[in-house]
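Two complexes are shown next, each including subunit A; its partner changes from subunit B in the first to subunit C in the second.
Entry: the complex of A and B
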């Protein structure tokens, strides 16, 4: 490509220099005129192909083999990995945890997130401060978030349990992350803490786009604050609702780092917090340092591609459905 | 049905911006009052205080002789039409119009009947199921009207309801709104900065400037007897020509010295203006409406001592008449904050006359201009108040 491009560029510029004979000159400038603009897309396209399309295709090829990830011996086994993936029950166990996380987060974002956004939209004093504080967790790296929370939740040196005890609520103290009953809810709570900033920012921007006069009109029409919000303001927020729902879906289904740091690659205790992210990681790189027999890179990739396909389908359907109920303007 | 009274209504925004200053007005039951003034003079603020959308700093608002300062908007029995229409975008036209009744839990059958009735008046029957986004500007405007009239309120408040429409539709909706108001006979306060709307729609016109009421009167009186130079220059298009001048002589044979020109002032002028005689010899401001100036060639019988010598610098022909620009060598009386929509910017000292269609004057010609001296306006040179 690098070798080819200089002469091509010359011929592209040639018409302006006027050195070539007429017919060819015509032809080049014709092509240039029709497709010249594509040159501007080229750098981005090359980059996209190099880091997205290329590796994905490469992964697809690997998923058709039985390569374990170590050594160089492999055979093509066709779609066997995909067939296995679809009937691999740990995948469903993990996916159900993702679904639980998604539903819980969805409810949380659309209630607590919306509520806080509405409060901030009333322009309280120090609004910038609240907004910054509430958005802060979003920009903290997930690994740090996980680590901070592991420390806070730790039964011995932690923060939560001692506080509960000091408040006389000692009976509520738990081994939050190792108790099967509380492990997943705890992961949900930390994820919620971490991502409520998104909900607030998205809803806040939606709220700020609702014209003041719309609310005033509703007031004059006799609506009280509650009716004004639910019947006039909230329907204007459906684009925010759509964006947030889709982002939450994607976010909860690709979650990995937070779970990994909080409860490890096995989704302990007893896979209660196992999500597709940790499952795929474990399948590809092994769950614990000791035994690595069941590692299979090609199978992990097949799992990842299956999840990818399903997520694409569901995200597309979500957008399709939610867009339809948005206001046409 | 109700009368509306404003008593010393004042609004000061944080930062000491006095948007409305001591506004007192009485609007009779069923009256159509137009509140007009340049941009930023506090019209919307006044309206919002009446509507209960903006807290009142001082003064009182009375609706049906009841002080409503502490009432919420929904308890004031008013309806408002917004400049942006503020239609609920997610609701059909039907629901937009019916919203207030739905909130008030009016029975469904009655809602349907009343919406049908309003839709018939406003010719919206074919659009009831559409969303506002799929309507034309004029149709949206009518939906906004429908939303206001369905409630059968005591008072309509309208804030520049036509300013988002194109010129032609504006003319049409202007008469429609006036007709609807006459039919339903609801007290109406209509805010605009368009002087044509002010002159054609209202029973009375209230003109504001910088939050201060300048004059309230019928459109005819506002036009013919403006209370001060601001009113004089705001109402009328092109605006009134205002010059510093002097009266000389005595009542029976008075002369107006306007730069290098002298105009004879008929004695009848003094009969109408008791204080004018006392101003003989003093500096005054004289106002000449463009239509009181005419090409002298079209008026051969016009008295010779009521003419100006002029040199035409521009002739804008409108077909029906000509806007002829000519300088007068008298000092121009400037009125600050002049701002009407169809303002014509005039070079300093240039006077505009509206000449008849048959006038043949051309730019570059020296002509004689006939002045209707019995129709001149006189203002105090210091205060700008009408004499």
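Entry: the complex of A and C
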């Protein structure tokens, strides 16, 4: 628009320009002024309802039945599935593994991830290369990641144990995924390898937003490098800390594909690596192929909804607590 | 120039119309199968049928065993299952029939050419819903001929010999047994054969009737044997997937493998020079070496298929001599009467092994339908010492639903 072009008028502005309008048209304009912006939200809302809210409500209805997943016969059994879910000890066994995974990943992301981000923030030579290499595992599909690591870790065809032996470190060679002592730590290590890129990127963006003046002021005030980082820089990273913690929580509690590929549908050995994702899958579709006749889709959905409610509650609490901490810092 | 372009366009249009007309004349039957390693062999049989019936196009999709049932269940529920699909006989087929997923083939299919055991396996309350077109499998103990000959060894016949053989092989630096135990299928078959060596076919009927139990002192020995056999497995057995284990054995990385007739085709795919023999599985001390036999997922016709008659005709042909011969020569045992392997020595040995003491697999019977899965889910606990053989046997026994009609 040029400076000389006349101002555009809209129906909302029309009354101010003194035009006469019919009352119903004025009412429509008023509604549009108040709620018109919602039209922009509508497509997304429709999509969200269609693919999220609708199926969730449908799932809720199924969870109130005894539908096995085969056939069309079922009966409504009220809240029986939820009652059973809360006293179903495999759920707690799996959830404990999720908690261990979450705590380990939390520590890893906030220490190793932060450390690497700080190093990269110093802008070393080949920084772009390092950043790309460290982020690469994130863009590889989890199924592919699982297969690659399964092959590398295999006691029979893997190369990790032979390499350790060739390096004279044979005492470190293990049956990584079949030994109860190393199976879950190995799953944690693979998960960490896969997701450390996220921690680096999130922390790096936080570090790059810390004003240089703050660090210079701390330096002038006599703070050493560690004090500057801990007292000045780290508090500025609170939003990154919050985002990463919540994302890690959600990611570790919904983990499925990596565990399924690494240790199979039974969370081998003997459920030591079973997580709620594999438990729900096994309950819905069966343990391993052809022979299971104890599947229950409705119970699996009840388990999923219980976990969903629990995750929502914890994620909300985490955000609440960590946001308060952000404001304080 | 314009005339040439117009001519080309008209030509393309006519060709497209002709191709689509031909395609419309063909009846397309979709078929899902759960042994990707058999793909070429199964397709060779299907090609034979298509040659004889030019109006039929059978589109085979191979889905790996662990994903097959998941996909099939979902597809059946969604009404998008293929025209032809395999299901285990017994409880699983009964469930599918009750749900209305499959066509009742009782009056549509002539099964007089099948063996008696095959007829019994596919008959549910006097009705027939499936056809065993890809035969049956018998499970025994495969061994590497070369390893045994070079070391002057003979296949074991009982628990004591088996455990001693494991020690001997270990001392020679040879992995005694490949057992891909990640999903528990192999341990479940092992336990089935160990139990069979004690109870035999009659005792299995008693277990189904509830008059004999897995916790009985003589049957309990099978749980002890299973636990002991773990020491013979390869490194990392509990994390070894099924396909990896079979490939390891085919490549000679272990001396023995519990395996079925259906596995041999897969060995050949991995290693065309594989040289193996097969015997019944060693008996629990005091018992008889045993094998177990099951049907290779008999085929059902989708009740929603638009080509039910064509699908039934295909199933009927698959039970005749020519395809049955191809099955037994290239894939596994056949269930068609009078058909024997022409030059497949391993299949001949497997048939011989099955003559000693053969029992049907747990999961085909309604009373023990859940037993196979329960063993799968608890074998690792037994191996790791998380539960005792007594506790294991009790868990298995709890999964039996005895039938008073037995």
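As a convention for this text, the second predicted complex is superposed on the first by the 288 of 329 C-alpha atoms of A that agree within 3 Å, B and C clash if a C-alpha of one lies under 4 Å from a C-alpha of the other, contacts with A are read in each partner's own complex, and residues count from 1 in each chain.
Definition applied: contacts are C-beta pairs under 8 Å (C-beta built on N, C-alpha and C of every residue); 3 or more make two chains touch, one makes a residue touch a chain.
Computed from a predicted structure; not experimentally measured.
Q: Once subunit A from each complex is brought into register, does subunit C clash with subunit B or fit beside it?
A: After superposition on subunit A, subunit B vs subunit C: fit, no clash.
Q: Quick one: classify A:121 as touching subunit B (first), subunit C (second), both or neither.
A: After superposition on chain A, A:121 lies in contact with neither partner.
Q: Mind working out whether A:195 is in touch with subunit B, subunit C, both or neither, as first, second, both or neither?
A: neither
Q: Look at A:109 in the shared chain and tell me whether it touches subunit B only, subunit C only, both, or neither; answer first, second, both or neither.
A: neither
Q: Kindly classify A:298 by the partners it touches after superposition: subunit B alone (first), subunit C alone (second), both, or neither?
A: Once the two structures are laid over each other on A, A:298 reaches no partner at all.
Q: For A:283, using the defined touch cut-off, is the partner it touches subunit B, subunit C, both, or neither? Pick first, second, both or neither.
A: neither
Q: Who does A:242 touch here: subunit B (first), subunit C (second), both, or neither?
A: neither
Q: What's your read, subunit B or subunit C touching more residues of subunit A?
A: When the residues of subunit A touched by each partner are counted, C comes out ahead.
Q: Just to be sure I read the superposition right, which of the two partners does A:216 touch: subunit B = first, subunit C = second, or both, or neither?
A: Only subunit B is touched by A:216; subunit C is not.
Q: Scan A:70 for contacts with subunit B and subunit C and give back first, second, both or neither.
A: second
Q: Taking the superposed arrangement, what is the smallest distance in Å from a C-alpha atom of subunit B to one of subunit C?
A: 50
Q: Would you tell me the residues on subunit A in contact with subunit B in one complex that are also in contact with subunit C in the other?
A: Shared contact residues on subunit A (touching subunit B in one complex, subunit C in the other): none at all.
Q: Subunit B touches which residues of subunit A in the complex?
A: 211, 213-214, 216-224, 227, 231-232, 235-236, 238, 327-329
Q: Subunit A touches which residues of subunit C in the complex?
A: Where subunit C meets subunit A, its residues are 34, 65-70, 73-74, 76-77, 88, 91-92, 95-96, 98-101, 181-185, 188, 234-241, 244, 248, 253, 297, 363, 369-370, 372-373, 376-377, 380-381, 383-384, 386.
Q: Mind pulling up the subunit B residues that touch subunit A in the complex?
A: Per the touch definition, subunit B meets subunit A at residues 51-53, 72-74, 78-80, 82, 84, 86-90, 99-100, 103-104, 131, 133-134, 147, 151.
Q: So in the complex, the part of subunit A that touches subunit C is made up of which residues?
A: Subunit A reaches subunit C through residues 69-73, 150, 154-157, 175-178, 180, 183, 263-266, 268-271, 285-295.
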